[in-house]
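Presented below are the structures under discussion, each in the form of structure tokens.
Shared chain: chain A. Partners: chain B in the first complex, chain C in the second.
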Partner chain A sequence: MSTGSLSSPTVLAASRAVSRAARGRALILIASLLLAALCVTQVLHNLGVVGAGFADWRPIALAYLLWALALGRGLVLVRRERGHRALFLLPALLFTLAMVIFPTVFGLYIAATDWNLSSLTGVHFNVLGNFTTMLHDAFFWTALGNMVWYVLSVLAQYAIAFGLALLLNAEIRARKFFRVVFLLPFMLSPVAVSWMIGKSIMEYRFGPAATLARLLGWETPAFFATPWVARASIMAMDSWMWIPFVMVLLLAGLQALPHEVAESAKVDGANPWQAFWKITFPLMLPVSVTAVILRIIFELKLADIVINVTAGGPGGATDTVSSFIYREYRDRSNVGYGTMLAEFYLIIIIVFVSILLSVVSRWLRRVT
Partner chain B sequence: MTTDNDHSPTATSLGRRDLLKGTAGIGAAAALGAGGALTTFARPAAADEESLRKALLKYPGVGQGTPGDAEWQKVGEMCLGATKASVKPGEFKGVELTFMGLNNQNLHNFLFRGFLKPWEAYTGAKITWIDLAQADYNPRLQQAIATGTVDFDVLEMGAPFEGDVCGKGLASPMPDWVAKQIDVDDLVNYLKPPVGTWGGKRFRVTIDGDCHTINYRTDVFSDAALAKAWKDEGHAGEWGVPRTWQKVNEVTKFLKGKTFKGKPVYGYLDQPKPWGGFCFYFVEDRATGYVKMPGDKIWLFEPDTMKPLVNNPGWVRAIQDIVDSLPYEPADQLNADPGTTAFQQFLAGTGSLLSWWGDIGQMANTSDSSVVGNVIGFDILPGSEELYNRKTGKWEKPAGGVNYAPNMAYLGWGIYVMARVDSDSKKHQAAWSAAAHLGGKDLSLWTVMYPSGFQVHRQSHFNIDEWLAAGYQKDYITGYLDSQRNSYNHPNFTIEPRIPGIFQYYSVAEDELTKVFARKITAQQGADNIAAAWEKLTDKIGREKQIALYKDSMGM
Partner chain C sequence: MSAHAAAVARHTPRHRSRAARRLQRFGSHTLIYGALLLWAFISLFPIYWTITTSFKVAVDVTQGHLVPWLDFEPKWRGWRALGLSPQMLTMSSPSRDEFLLRFGNSVVAAVGAAVVAVVIGSLAAYGLARFEYRFGPWRNKDISFFFLSQLILPPVVLALPFLILYKELVLLDTKLGLIMVYTLMVLPIVIWIMRDQFMAIPYELEQAAYVDGATTWGAFLRIVLPIALPGMTAAFILSVILCWNEYFFAALLTSTDAKTLPVMVASQTGSQGIDWWTMAALSTAAILPLVLIGIFLERYIVKGLTAGAIK
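Up next, the complex of A and B:
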């Protein structure tokens, strides 16, 4: 009896815990089933298979929120303390699921359709039709080829930014003022840069840059009329805007370097070039790699300046993948094909950046 | 049609005192005395209308600077007579309308806001505005249509999109009282049905007419030194405004390297840079003289198959003309879109020949940004001494020596009311009242005279005395109006098909043409690529339905 009286509260507690956990599991299961049922019904409704359904998808979004609440409550019931801890992570997780994962996966579905907003016959599943079209699309491959040049221009941006960072790290007058001034281009929007620089300063008739070019002997300073000049002009504008970003990262790295190392090198008789090349540059490699890779990722998304200044011309010479996708979607309402291009480009970027990171980290391990 | 009457504003319940408020109240009161039914006093009496129109032209007057919001509101207030005659003060209180339109050159919606502000104050309705750049307009509209998320009640739209909107049942048919209020019979003939209608119903309140005309510099083409050089170089005929595309090309090549008033002078300005599909209209300008046959409506697609005609020898020749001409134009011409050629080049003094809409003639004298003033002349688009017969597949000498085919590019802007207001009679009335206010006959006189983005579109706009009263010079305005009238009434003008996705066709053509203009591919290859892309697009949109809509839109 005494054993029984001692164990009874434990049993009861255990029983309550089991019951609570069961309630939690049931709550999650029911909420999930309800959400799934609503989603399936709405899909079938939209496909015209069943009559029941909502006029739009807003109730499903609401159902998702309710499901998220039920999931949270269910986790607390099932896992108690660990469930409470999970609640801190759950909102971010569910938000990412709704706003990143789902659109990406849904995008794959759209990419496999012939959805054109003007179509009189609706949306049709065309499996790999868009992919095949893309393989034969000269505009896409031209744009992708241009991206190689744009990405390579990041190296020049890095070199200039490093020079500026060294300058601003030195003991010069009005250093703080120059730091702010050099940051100004980065504060401008690409659209503003397009109009201020591309369409005003570089304007053929009255632009100061064109006037200066004439004074220097270039009789017809048309910055956007021939392929290589146009591409170089776009690179120059893009660089002008983004060099400050790289410069700030490098400047932060330079300021974090231990002064003792540089001073020791000076004591040992190293000249400024040797001090830079043998000490500062290697020590700055991790920061440099971070800055260059971040910049490459941004560069792969280049679009605004191209759209505003050249619309991809002349003859596709300045086109970027993003500006081409923009035209495909905006001017031609080609939702299916545009999404296919975007998804494919995303994969290319992921693969390229992954390989780049892997190669660079191996190289860094070797040289440091 | 009882529905129309049921939905008509409560004209008969309007108080006489209310009617007498406002500039045009006298006209409305006079009309009320004559009857009482809505339709009898929808427009002011003739004498008052005349004085109203005279007064309108003074805001601000030609040569008095660019009008702004103050003038727009004033004009809106002055033209409120028809509204006051048909709507009680505050009758639409509580009604909220959403208006979607453009913000091109700070006009369109900016103007509409000013024009409608007095209307809002009088009727009590409130308007929320969706302003879109030209380039964003098409995708925004297409998305709304395709996803069933039409979130606007009143829409500014070009006729080419009628296939997308009216063809899909998204627009509200125009009530009879609106047709009477805006006097639809006053529209120029080419803007009368089938334009603005779909399935036999009228949908559009026309606020603009469109056609491309040739704008030329009168001082350049009357210059004695250039005339002498023209003769000295052995060119045929006298130095003057070219009337054929062959001569346009010759003049453009002739002027390269020459100076006028101490500055380099250029001939024709092409528009090779893509502009959201609109660039294709300028290729059409050069092509219609070659391919548009008198008595034959067809010039862009075969009507029974939707087979593109864009790669036939006539079109290829027009494209090749641009390629050949570009080296003789300003050095940066390859990066010039239509906006650049009009506002940064021609109105700023560069170039002596430009095909464009009627804005050039309006803005040359009324915009602060223009430096060319009255040294511009106007005519219908040049023609061609040779015509490609698509039926025989041969080049021919046109009857009369030159084949002219003015291009009615875009067919003008209109105001459309969306079908979503039909279920709410008060909202329906308010939306149509707002649309009718913007499409009013008197208000339109002001918009076609001053910078607005809209050009003449009513028969009443061709009264030269009114233009002279506003401050225009007689020769200048006579030439301007003649170029418009002669285009509108030309027996061989070209009308584009108002089919769904028409701007997709134009946009894909623009992309291919950039390769041709950059000399990466030949004109024939480019034209073939365009034709292939158009075939694919037609299949994607739905060929059979597209053929039916094409025929419907062309009145075939």
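Up next, the complex of A and C:
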């Protein structure tokens, strides 16, 4: 008797918990089925198999949103505390999955076709055709070769940024002023910089940079006429905008260094040059590697200033892969081939960055 | 006596070396400040050039005048073409309407995306910093890596599929569409910054709140969030800057309605024979908000850039 009176609330609670979990599971299941049914209907509608369906895919996006809400509510019902915890992660995860998975998968499909927005003959599969076109596309390979130079220019940016970080870390007056001023180029929009520097300061007739170059003895200061000069000009602009980023990271690294290290170097009688190479530089290696790798990853996306200043000229000498593909879309509407190039470039990037990361981390482990 | 001699002997070389050291210090100071001023000039000159050029007329441009009032008289011509000069402000001006529309689009897209990214990014970062997740074989580390790996995706890879996707979703040339792309773009950065911020907050604070009966969400909203606010501000400002400057997606995905300021600037650059003063005024207007942010909020930008990268 006494046991019964004890257990009945427990049993009740347990059965309530079970029904709660069951309700949660049912909610998720129904929502998923509804979403799947809507998707299938819409696909069939677009293929012309069934008449029912929406004019566009917007309702499906809305359905995905509702499904996400139902999923969250269901998880809370089923898992309670763990469900609540999952709610923190779910919005970002579902958003990223929806925004990345579809374009990647669909991108693979586009890349396999001869899709041209201005062609009237429709879309056909054209994997081999795209691939052979790519192999024989001299402009694409030039652009890819240019990327090697652009990535190498990151090392020069790193050297300058390190110098600036050391200067800002020294005992100087008006440090705040210099820090703000040095950071400013990073804030400016690449498109505005394209005009400010590329199209006006470096302009052949009236630009102050051209005037200065004439004063220094270069009689025809055309910054974008010959391949190497043009590439160097683009690099200079790109460096101008990105050196602050590397500098900020290195400066933070320098400020995090323990003070005793510098003191002990001074006591040992090492001159600043030796102290830098023997002590500061090795200690800064991890930060340097982070900064350079981040910078390389961003450099691989370089496009805006090339599109707006040279449009890849002269003769593709300044083209980056991104700016080349951009023109393939914009000027030739060559969607299929452009996407093929983009996917190929993505594979190169992934391979390159993973090799870089593993080589660097192995090297760091050996050095430190 | 001998002590005195010793003192003198000790004193003289030190005296000489102090003079030498002072000379050396003077030299190194000159070098340091010289280098600092040179780079400050390199950083500031393009901005100075753009702002002053917006007050020039043709003669000042062709003759290479540099200093206002000294070698040229500032005129409002560039700003008048934008409809933003003092006497134009009272009149109606189609070019000003166009500019304000683009400016507004940029503000909506940048701020909207930054808000969304900071909200969902902070939530995810908190979850990743505090709880153990398991989705099949995926652990916290893999999920974090998944978010971070989005950073290496170049925009060109996503651009075309997005063009098609947005056409189907009727999101082409809408601000909502831009906000979604930009959110995707800055989300990894926000998660990176915020995960670092949350990890720096001691877990004991929440544990104390749990003892007092707070729920997971209650402890997060009432205890953790206020402490993490500076970090969130940093992430927000950095996101706004990145979105404000974005050009690639805006150029492909928007046309008449949702076109942003960088696309407007770029379309003006492309046309031949555009007046320099107008372009300069337009560029000035496009970079001025950022220059102001840079001057007044430098602390937060540096905090955002260095979070996670420096231990």
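Here is the rule we go by: the second predicted complex is superposed on the first by the 335 of 368 C-alpha atoms of A that agree within 3 Å, B and C clash if a C-alpha of one lies under 4 Å from a C-alpha of the other, contacts with A are read in each partner's own complex, and residues count from 1 in each chain.
In the analysis below, contacts are C-beta pairs under 8 Å (C-beta built on N, C-alpha and C of every residue); 3 or more make two chains touch, one makes a residue touch a chain.
Quick caveat: nothing in here was measured; it's all calculated off a predicted structure.
Look at A:Pro185: by the touch rule set out above, it reaches chain C but stays clear of chain B. By the touch criterion defined above, A:Tyr329 reaches both chain B and chain C. Of the two partner chains placed around the shared chain by superposition, chain B is the only one that A:Ser119 touches, whereas chain C remains out of contact.
Annotation for chain A, partner touching more residues between chain B and chain C: C.
Once chain A of one complex is fitted onto chain A of the other, the partner contacts of A:Arg58 are limited to chain C, with no touch recorded for chain B.
By the touch criterion stated above, A:Ala342 is placed in contact with chain C alone, chain B being left untouched. According to the touch criterion, the shared surface of chain A, contacted by chain B in one complex and chain C in the other, consists of residues 56, 205, 329-330, 335.
Every residue of chain A that touches chain C in the complex is listed here, in rising order: 56-58, 61, 81, 84-89, 91-93, 95-96, 99-100, 102-104, 106-107, 110, 163-164, 167, 170, 172, 178-185, 187-197, 199-201, 205-206, 208, 211, 240, 244-245, 248-249, 252-253, 256, 286-287, 290-291, 294, 297, 300-301, 303-304, 307-308, 321-322, 325-326, 329-330, 335, 338-339, 342-343, 345-346, 349-350, 353. Put simply, chain B touches chain A in their complex at residues 135-136, 138-139, 142-143, 145-146, 148, 164, 272-277, 330-335, 337, 344-345, 348, 350, 500-501, 503-504, 507-508, 510-511, 514-515, 517-520, 537, 540-542, 545-546, 549. For chain A in complex with chain B, the residues that touch the partner chain are 56, 114, 116-121, 139, 203-205, 220-227, 230, 309-317, 327, 329-335. Residues of chain C touching chain A in their complex: 32-33, 35-36, 39-40, 42-47, 49-50, 53, 61-62, 64, 66, 119-121, 123-124, 126-128, 131, 133, 143, 146-147, 150-165, 168-171, 180-181, 183-184, 187, 191, 215-217, 220, 241, 244-245, 247-248, 251-252, 261-263, 265-266, 269-270, 276, 279-280, 283, 286-287, 290-291, 293-295, 298, 301-302, 305-306, 309-311.
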